[in-house]
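One chain, chain A, appears in both complexes that follow, with chain B as partner in the first and chain C in the second.
Moving on, here comes the complex of A and B:
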């Protein structure tokens, strides 16, 4: 743990808090930029879209009270921040007795589990492919085959998802097309349930992996080519080290460093895109909950979900940032 | 063959490069440009020959299969009709008209959104890179926080509050998250360029900062700016189709993303109506692949090392 200085950790922690605060503030401001008072706006739009609201009068009153809309805007803001940071997002509008936090905590494990696994697989495979593409010692046949893995780069994950549902779940009955597990199974640590969960996660995970793998590979290829020109590589070759050792301990070890920074930067984009992937697969995570909330004009749930996605991504970036100095000892010398 | 002098090394050793060896003759760049140009031209010339109003709800019979489909996926669908070569969907929109109307609208969201984003990105990137100090600190911290935010999710909240979504609104909203990445990369480029000799020389020779910015830095930055713009367009179209697929796009006149949303909501996949969700995806894939190839091509032009190991 020598690489982790106090200054570095504090600075990263500052970024984490800043991001979450900025996100929460944006979520606070947007409804207030809309004409009228936010509660009226919500109920009004729900009425337009024909959503049935139970006890709407009481709800308007309850909401006004919670927002404290008669108070000055600054009081409202601090009250909102207090509620947000104490993880109290209030009640859902469309399924009233349920709280936003309870709905989110049910969906969150699905999203985090699948997204983390898919991102890690994509990161490892993509970097390996990129490194092999740039490496002189790669067999010709392998080198010619590698670019095939790049064909899905730049296609949105959810579109690949739609295609795969059609090909593998509807045309051929190989994999399930929707949901997180088969109905009627007992939830728990039994084989039937776990295998069902795994089966349901194959297509959504694959659509994220196939789409993101190419950009990792392309960037890694560039980085490996740059690394290959460095003096220490020539020295390693001159010393007569084995190609295996040069590839891993000298090439990949150095070329992968900027990729870890890039992982932090792209996490937000991947998480955002995953929202739509989940919708397409009706996967029971945050993205699908968000889709349902949009359909029901359930504004409290929409805001709650987006806050938690911002929070989760910021936390993940924080963790990635903390591992970075452990891998690259040079980073601690950069102060300020 | 046309011969061009690329580099004068100062003595008799002048390096000449043939036309076909010019870095701009990059196959990826050319194929990408052709793909995009053909989508652009077809979707803009097409409406001359095809009635655009058939993209509206109820303008055509519902559930017609495309011309070449002889075996109907289900009995509830209508037989092929020469008046609707690509078929129609369940709301009575003609699919060919939907594509011809939706594609330019989707492209427009990309261009406007990315245009605004790039403009803000260039201004902030240049300010941060040239001024340095606390200005740089504030701008780059802001960029870092914005980049690490899941843009699409926040855009969904914003879009959810807009009662009547139109193409221009959507483009404007998309610009909110389009500027941080270009700003960051432009700032980084300027920082590295500031250290180069020709900028130092210009400074010593007494050129003003604005002069250096426009006459020394800008021209050298062009390939990066172009690549950055292409990435931003791609990002904006990706985000906007995502928001539209979630059901927050313009509804009356379709875009490619709202068409996919309509298909998902009407469970077109399970009713065998692949011509509803398929064509918009194909057009979008052509657009994305085109932009991607252009970006990779520009990258190879800007960084000659990426063109491959020829040693």
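Moving on, here comes the complex of A and C:
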């Protein structure tokens, strides 16, 4: 591939595996450093919803054996590594006998659908606004209007979410206030369901877009100002190229490189969901699942989600690294 | 470049104008047309299919939010499948009314003990069928009992230890107990609690999974699973919505035992935070809501005048089964001294705690049991003049501390003894109401010179610390359990729960404060005697008073609040909800007897 070498790709692949292994090891160690025992916590939660558990010791031992917690720590570690790298995260502690993977796979499409779309819209609009704010050719009226789009940046997403629920769902019955789709619908590829899903995603997506758009815009504005002073921009203007071409092909194309790296990382973290937004809107995504898992001390689900975040971020950075030479011809990993 | 930007702005302007045109005023002719159209719309609304569909469904609030494993319908799973409507499918042998103590035989017809309560004979009702048409009989009950005995991981506190069950005939089972137990039926078969309920499972299905019933999820739509005996069967579900349909071939209606319940469909749905759930109820998208704070309930009633609760006035709700207490680890100094605990008691203004934590909608508690009618009878037998537990007197608290050798350090404003400041870390698990109440409690204790500090912990951390014995003082409800008979709550403080080897108590309802003084031993003797008497036996009265006096003398826990449970009911589509005037059921839908609710509610039209 253009600009890439086999050695570089293998080296980056090695780094990817090393990063994921280190991450997986850390998330194995951390819960074991915390006080308390997940199985005892699980029995405790059973007791808080019921009455006296007379044989809790016997119950705890049986559960420890089922989760492999009765084995030496090294055996637990290697078993965990094998399961993790074969994408088998085991059973949930709070929703046994559900597997962590089944819980994640049910929530992941909602999060990816909502947050990928919202992040890409935010990325595109934010960068466009940032670039136009910095560009000398932008009409003054537009320049004055653009910062208005940034006023929501300083508002926490959950506050904006609550405000929008009040304005558009409770005060005015325009959009639904909670959930992923309307009550009573049959889940499937039918228009009624799809339109309901889209309708339910408007407010959560809007709260993510409005909150994140400003940071993309401000970063892009800074980079466009820097790019505008480059020699190649002066040369392009001297050559008499059209402002449209200079803006896109010379300005935006060069300024956007660091933004693409940031986009890669942001898309990777999507695996963790937008916890607060999903909680406020009772949206059935991964963020809500992570929130519930933390509240319930469901270590296996927390480990599973965190592992996938680490994996997704490492993979996204790996892919961005490999695509750099394609975006910017000046970048090459070939020697000489 | 400018042209393109202006072009985009122009397009936006045109779109905006297009949107505005719809709000322009109509001409006279248009008004007439609109009037005709409105008339038609009103007529159409009368048979609006959405409204008609809504009237078919009784909608519950899904407790605990989105379900981690929606396909799990194993009632003994650790994942708590019971919250998502299990009680509409799985019927109990008997149902208890926790207010009146009245027992309604359901799958079971009768249960009778022998003279010394070592043998109990259960007779099942004839003509019961599972939802797949198979006959329900003694083999199913026997199979379930043996399964619970054999698999300790199954999520139920009732493991039938020391109990042997044998089939007498198709409708009769005899239970032989190693030890006399007058409360055997009460403990096992009356469906008092969510996880303590006895769900009979169909042997003809479960026998194929008896190698590992812990991982069996009891779900296969192709085979019509889950199979139970109830008047409703599972329809469809997602992880935040569970729908059930009425089984018009339900055995109860066929045998003439009971008519079919009125709601054709039941739904459990999750709408998010308390605010959005309240909004859902205000918009009639919910018929019941799990629990509302008194403040939320007030708002809810102003938004939807059809919303009611157990009581029409504050505290609106029914008293929770668990009183809120300030509990102590009685092995840790200085809280190992009963006089210290009494000094703290005098510093507590319970009325202020009610005002701050519950907006005035609760009542102070002077004993560790809920003030249900049957339990209040026992609590009223005690002569409290010897134990002025309701007395709030900061000066008395101070003099009690000074009598114990504490001296006020005027510089710090706190009492000290042997150079050590009197510090009192009061832990509570994270809960909006308890957080507020503990905050007020800390201020009250600070004002008498005790350096009290609030420590809010997550539920799992709190449980870990409580069970590990690392909490000194904490707000909790370690005496939960009694509803009609005092034994369960009183037994929470028995020394029998404390093991000699120093291992932690089996649960936090089992003397987690390690009260093991001479008084406690004597107290436990009386409780053991009560345990050998049948609930309601007049001999219990005297034993209760003796035990209660020993408990009050040392006060191993300070009762604080009788917590109200405010459960809003929406009368827009369904009526005959349980209220104080129509008390066919306690307004707490977490217990399996909430099944009686669906058999009692009626449509408004």
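A few points about this structure:
Quick note on the criterion: the second predicted complex is superposed on the first by the 269 of 336 C-alpha atoms of A that agree within 3 Å, B and C clash if a C-alpha of one lies under 4 Å from a C-alpha of the other, contacts with A are read in each partner's own complex, and residues count from 1 in each chain.
Rule of thumb we're sticking to: a residue touches a chain if its C-beta (ideal position, glycine included) is under 8 Å from a C-beta of that chain, and two chains touch if they have at least 3 such contacts.
Worth saying up front: this structure is predicted, and the values here are computed from it rather than measured.
In the overlay built on the shared chain, the residue A:207 is in contact with neither chain B nor chain C. In the superposed pair of complexes, A:295 makes contact with chain B and with chain C alike. In the superposition on chain A, A:259 contacts neither chain B nor chain C. By the touch criterion defined above, A:31 reaches chain B but does not reach chain C. By the document's definition of touching, of the two partners only chain B reaches A:226; chain C does not. In the superposition on chain A, contact of A:154 is made with chain B only, not with chain C. In the superposed model, A:138 lies in contact with chain C only, and not with chain B. Shared-chain residue A:313: touches chain B; no touch with chain C.
When the two structures are aligned on the shared chain, A:279 is found in touch with chain B and with chain C.
Counting contacts by the rule stated earlier, residues 41, 45, 48, 162, 165, 170, 177, 279-280, 295, 297 of chain A appear in both its interface with chain B and its interface with chain C. Those residues of chain A that touch chain B in the complex are listed here as 15, 18-19, 22-23, 26-27, 30-31, 33-34, 41, 45, 48, 134, 136, 153-156, 158-159, 162-163, 165-166, 170, 177, 218, 221-222, 225-226, 228-229, 264-265, 267-269, 271-273, 275-276, 279-280, 290-291, 294-295, 297, 299, 302-303, 305-306, 309-310, 313-314, 317. Within the complex, the chain C residues that touch chain A are 1-2, 4-6, 9, 53, 57, 59, 65-69, 71-72, 74, 77-80, 152-153, 155-157, 159, 161, 192-196, 214-215, 217, 236, 238-241, 243, 267, 269-273, 275-276, 279-280, 282-283, 285, 458-461, 463-465, 467-468, 480-481, 488, 503, 506-510.
For chain B in complex with chain A, the residues that touch the partner chain are 141, 144-154, 156-158, 160-163, 234-235, 238-239, 241-242, 245-248, 260, 264, 269-270, 274, 277, 281, 284-285, 288-289, 291-292, 296, 303, 305-306, 309. Taken together, the chain A residues at the contact with chain C in this complex read 35-37, 40-42, 44-59, 62-63, 66, 92, 94-98, 102-103, 106, 132, 135, 137-139, 142, 162, 165, 169-170, 173, 177-180, 183-184, 186-187, 242-244, 247, 279-282, 284, 288-289, 292, 295-298, 301.
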